[in-house]
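Labels A, B, C, D and E are assigned to the chains in the order they are written; within every chain, residues are numbered from 1.
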């Protein structure tokens, strides 16, 4: 297991390197001159030229990439082109809202998704299974932002139960995390269901029934534990969805998170911020996948003891 | 030209079991220096328990696997290092029949296409000729034209196995490697398939490498029998000799363990202790030393060589040397 | 040492208030449509950041709602005959939030900062003509120009004054997150990307806000911003999306506020392209567009037709005879110009819904006179690249560019857009309008100090440009904001700046 | 009659499938006495496993026992409620399945799975259960039981898993052990070990065993009485010696003849032609008739009854009946 | 050793068996019917009004008997635009997913079958693509190549490639291990024939299922791109663009937001339910 983690960690290095090159190429491939955007419509040519020099945009790409990488490793992530603040100061306050949103969403999706999946699997073919599954499938079929706007209209504007926007209190996160979690819940529910159905056919389930265990124990102890092993992987995969979804949800609910920052920064050609956020996103994604794999290994003794 | 169709010389084969980063990798020792020959027209059976390397042996001869060391000879040609393109023409001289009659037929193809596939690869027959040949072959194994249109899942295990045999026969091979062809079948059907094997051998002058784990099945069909244990060939001799005069303690135990369908038949069973060791962490010395009731000091040190102990009877056991 | 002590006192005070009576605080929230990018008033270029900074910073003079100048930190000024020297009298008894005294020294410090070439702050461009500044006495400062430049007073006056002590302490970057000015509010907190909170300045030199804190909150999603106003989470929103006025009209808790703007909406016609080189074509196009319909469709009725290339809110604006909507006349002109069957062209603009609507409208209208306009929406950065990367008019591919422009003064609203020296890549004279006559008038207007003569010059200039029709003159926005009925004292000026100096609420 | 541990009467089990209702087990009656190993043999698909699952009402969702009684010491399992039947499972009747590897939960330690049963039925504490489990592992002949307790199933060999399964089954001292092909997945040498162990346990614990297998060799070596099953019906029942010496039913005859026997194989092996019919397309009359070389017209029309043809001996064949060896009992 | 059970003796072609099972899945059949209905809309385009006919007198009309789904900010008939939008939205999805599926399958089959360095290379590239989570990749691509329908298609297909590569690879890997592949190899069948005749048909079930499911994802992605301002131009009334315009009228003309949203929802739901039904019928193990 340790071996495996180590190997995976080593594996990250080349991937991150390629990712960094892609990120760098990406931001330089996007048309648009940040110097001009930063300086504003009304800027003079001279101002723009000074700006370009200052931002190092006149250097050859190789030099710019080198500077970028040196910055990454020395912890100097540069200054936001847009706001002139250190990139770090721009990013740090954005992490918390996204993180809270992500955690809330994941927690409720996992809880709801697994319960829905299990109920559905046990009641397979019954009406309740049908309702739960069509409901779950709806969760992945609805455009996030549409759902968000609708929820806001109903629960904030009409009923006044939750704040429309912002991150000021716990209740501010309710609607956004429901919106963001809907799709993930659906995925988890569907996956749990099919995994449970497979597992309920397994011989060891028959064994545990033959021992005289209560059906509740059979499901909870024997079946669920096994299906959780599978579900872990799908939860991990959902993080990608979560990050992408956060972009949309943060836009709708005016949450000052990383996702929104990324979009705004791309639009503004705030290179330094874009590259850092992208690196954070991908790094986080890779790390989460690693954690998921490790968890999978821990949950699955076959892998743990290899 | 010698009388040997196939000859294996000290063939070794390992599989990577797990990759480790810093320590040396672990390997499954599937074949540990197996030497044997299959004579033209004979049936050589290989018996042994699960995981002892029987299938690997078959695959090595068929060149589905490359050996780590040693040589594989076919029709007096050393085919050990033949590339895929070189081996392809040889493939029509040796065909395989597999254990699992359910898995060995492509579920998405019609029976006629499955049986015709070797013809398509190795001959340039016209479509019509191919079809006729296929029907002929199916009739040889007791099926008919109507079956040709079906898909594999519509057939019973015995029928599928016969389809597999028909496929193997389609290119007039010299050697048929049958990897546990009847293990998955019910007794009442098993007999059917074995009989077909026997008949075909006569009719087409075939050579068989017949792999099985069931000593009672092997007896019906074999001329000679080799016993394998943990990747080693521990005993090889003629059928009569093996049943009458088994030399290796493992062969003896194996013979005594076969349940006999006759309640009046009482005998002393040899019950071996313990399990077959893992082919990853092989015991030092004789591989059987962990379970052998006669194990001596020497057995834990050196691996006995396979030596001639009688006419056409070879055993790898220290007991028989002393 | 004195200042240090006061500074800490000033810092502690609001905290105490916070802990004592949090619930009694009167808090107001303004929801806006974009992020606050910077709070350094010398280094920002967007209106919203300007509005946010202006709650804490003041300048020597400021625009009133009618765009006239009103003295703030200055009490008066005089200009020398040759228009090269400006003398300002600084208001006495004003202190910065950190306790520092406002005096000529402090003002000079700010001038020096903004003019520093090294720093290249964004506001530097307003002071390119300033040669030097000089402290005459404690409350008098003299500003010398290189050459006479008429709009100078507007620009000099608009320089926000930062506490020099704070600038020394926090540095050019630190000041961004630690604003210290003289304004009606003191800084409380700012999370970049999220809200900025300011607190009423208890030591304000004149009557200030009647609330405790004011929050600026960026909410980009239009629907969400309105929802906030509906639920009372916001007391004031700007901009109020024109499309959704109906949503809140019936709500008696909400008032929609309309105001004129300095924003001109128009379309550049690239005159170096054959099709647009003939003035008849350009005039035909102007006749073919129904400006009323434009206002109704694209701006949901919240726009007024342009009567010159600058909106009426700009000083020296002089109305021109309208290009009346007349398809027949337009067709006639097209025929005269040799395009009886029209031609094909394309129009560029950013890819947001409003711009796309505008482009589509133009495309539909021009179809009436046979001009086939392909709508090409582009992402902002791409658009800017496409417009500014061509180094010569020949390389330029732009045909029409649907865009808006806003400036404080007529020079700002003219020279950059029409002077022949300002064609891309230098500046956005995307019509590639090169008229000696206009150039001369623009130069003259900029250096003429006498208001009467200036007015004449600019009247002539506007006539020339209007008749040359290098643009499609579409309209000028009506600025829409909305507030809770309880909200008082928050306004939006014609340039889109939010003024909350006297904010109060009865909620 | 009272000494019958398990008495099954006219058991009928059906499956509801998309091809209609399939009767996998039909009119099956048999009994198992204490200290007796009763064999149930038959080809694949003949309904052996379904019979065993029916006994404990462990059928998959689409399966249903539609007729019959299952009496364990006189109590009818079929009429018990869910709670009662659960209290029987694992304690009075234990069952082990064919594939030991897949019958153990891969994510739980072996020890925990072993302890579950005693904790549930005998209300053992953790410590008691652990001690008992270790004891059981020792009894099935595995050295270092403490180590085994902490292992996961995939770390066991096939033989070991099957012994763990047996230990698990025996841990609550059941009265009846149902073993569904307990050795089929094992190698012969290991099979010999497990068979030896089962015989030993039966002797010691004086339990009744229902041994299901398709291997006539295993039957001959293990069982006291044998039932032969074909198409969900018992076609013959006899004590083991009579059955092998004098099989009555043509199917039994064919089956025994087709088993290869070391040292006694002739050149051509006898076999039964044709195949086991599909449940959805069962022939009318005797189900074996289409494959039976002796079939007469009647066989194709009327299904014979299972009747006593001697002391403790039953057969389901028109021919046998007609030969007048009819012993009503 | 596995338990062996004899199967049906009836001769039933795989297709008949498939349709017999499939027709039992009600939700899948209804979904299929809905999608066929959409297809009919696409082909015949029964639009009651000209989709670009501007009617300034009827701006933002509520749904009424003239305009069943109301009108938009130009007074254009929303229903007609939705019908036309069906064609655009579906073509975007179909083209994008098809491209992604073709490239992904080829890469996946190669990676799964040949293994080794080639596989590492392909799979690591997929990891890299995957490490830009979901929609971000599409956003990135559109940001580079610019908005517009074609580019949205390109972006979505690139973003679909790694998914298909992985699914097909794992499917190939498991099929490669099957005995009938070894049987064919032992016969001497060439690699090409093996790949196309034996392995590829085996991956088809998972390919079909994920293709169907990805259709839903693609439609949503395209709409999300529009929402974020990276989408197609509103002149082409694809659903995403309509939705994106509609949100500005949320309080005034909710029908402009509701109907396109509903359409997206129903279509994606149909694709997903159909995918579910196909999976249950074809029963490949999807990862």
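We take it that a contact is a pair of C-beta atoms (placed from the backbone, for glycine too) under 8 Å apart; a residue touches a chain by one contact, two chains touch by 3 or more.
Going by UniProt, the chains are A = Glutathione transport system permease protein GsiC; D = Peptide/nickel transport system ATP-binding protein; E = Glutathione transport system permease protein GsiD.
If you're wondering where the values come from, they're calculated on a predicted model, not measured in any experiment.
**Student:** With a step meaning a move to a chain it touches, how many steps does the shortest path from chain B to chain E take?
**Tutor:** 1
**Student:** So which chains are sitting against chain C and chain E at once?
**Tutor:** A
**Student:** Looking at C-alpha means, what's the farthest chain from chain B?
**Tutor:** Of all the other chains, the one whose centre lies farthest from chain B is C.
**Student:** Could you grab the centroid distance between chain C and chain D? Build each centroid from C-alpha atoms only and quote it in angstrom.
**Tutor:** Roughly 90 Å separates the two chain centres.
**Student:** Suppose each chain is reduced to the average of its Cα coordinates; what separation in Å results between chain B and chain D?
**Tutor:** 32
**Student:** Taking the mean of the CA coordinates per chain, how far is chain A from chain E in Å?
**Tutor:** Spacing between the chain centres: roughly 22 Å.
**Student:** Which whole number of Å gives the spacing of the CA centres of chain D and chain E?
**Tutor:** Result: the chain centres lie 50 Å from each other.
**Student:** Which residue numbers or ranges of chain B touch two or more of the other chains?
**Tutor:** Correct list: 156-157, 186.
**Student:** Residues touching two or more other chains, restricted to chain D: which are they?
**Tutor:** 44, 99, 275-276, in rising order.
**Student:** At least two other chains touched by the same residue of chain A: list those residues.
**Tutor:** 30-31, 149, 153, 251, 267
**Student:** Any idea which chain A residues touch chain D in the complex?
**Tutor:** Per the touch definition, chain A meets chain D at residues 124, 201-204, 206-214, 221-222, 225-226, 229, 299-302, 305.
**Student:** Which residues of chain B touch chain E in their complex?
**Tutor:** It comes out as residues 62, 64, 87-89, 91-92, 95-96, 98, 100, 102-109, 117-118, 121-122, 149-151, 153-154, 156-157, 164, 167, 183-186.
**Student:** Could you please specify the touching residues of chain E with respect to chain A in the complex?
**Tutor:** 27, 124, 127-128, 130-136, 139-140, 143-144, 146, 216, 220, 223-224, 227-229, 240, 243, 247, 250, 257, 261, 264-266, 268-269, 271-273, 276, 287
**Student:** Going by the contact rule set out above, which residues of chain C touch chain A in the complex?
**Tutor:** 31, 35, 37-38, 40, 43, 45-46, 117, 120, 122, 124-125, 128, 173, 176-177, 191-195, 217-221, 223-225, 227-228, 230-231, 233, 379-382, 384-386, 388-389, 405, 407, 412, 416, 425-428
**Student:** Touching residues of chain E toward chain C in the complex: what are they?
**Tutor:** For this pair, the touching residues of chain E are 54, 56, 59, 73-74, 143, 146-147, 229-231, 233-235, 244-245, 247-252.
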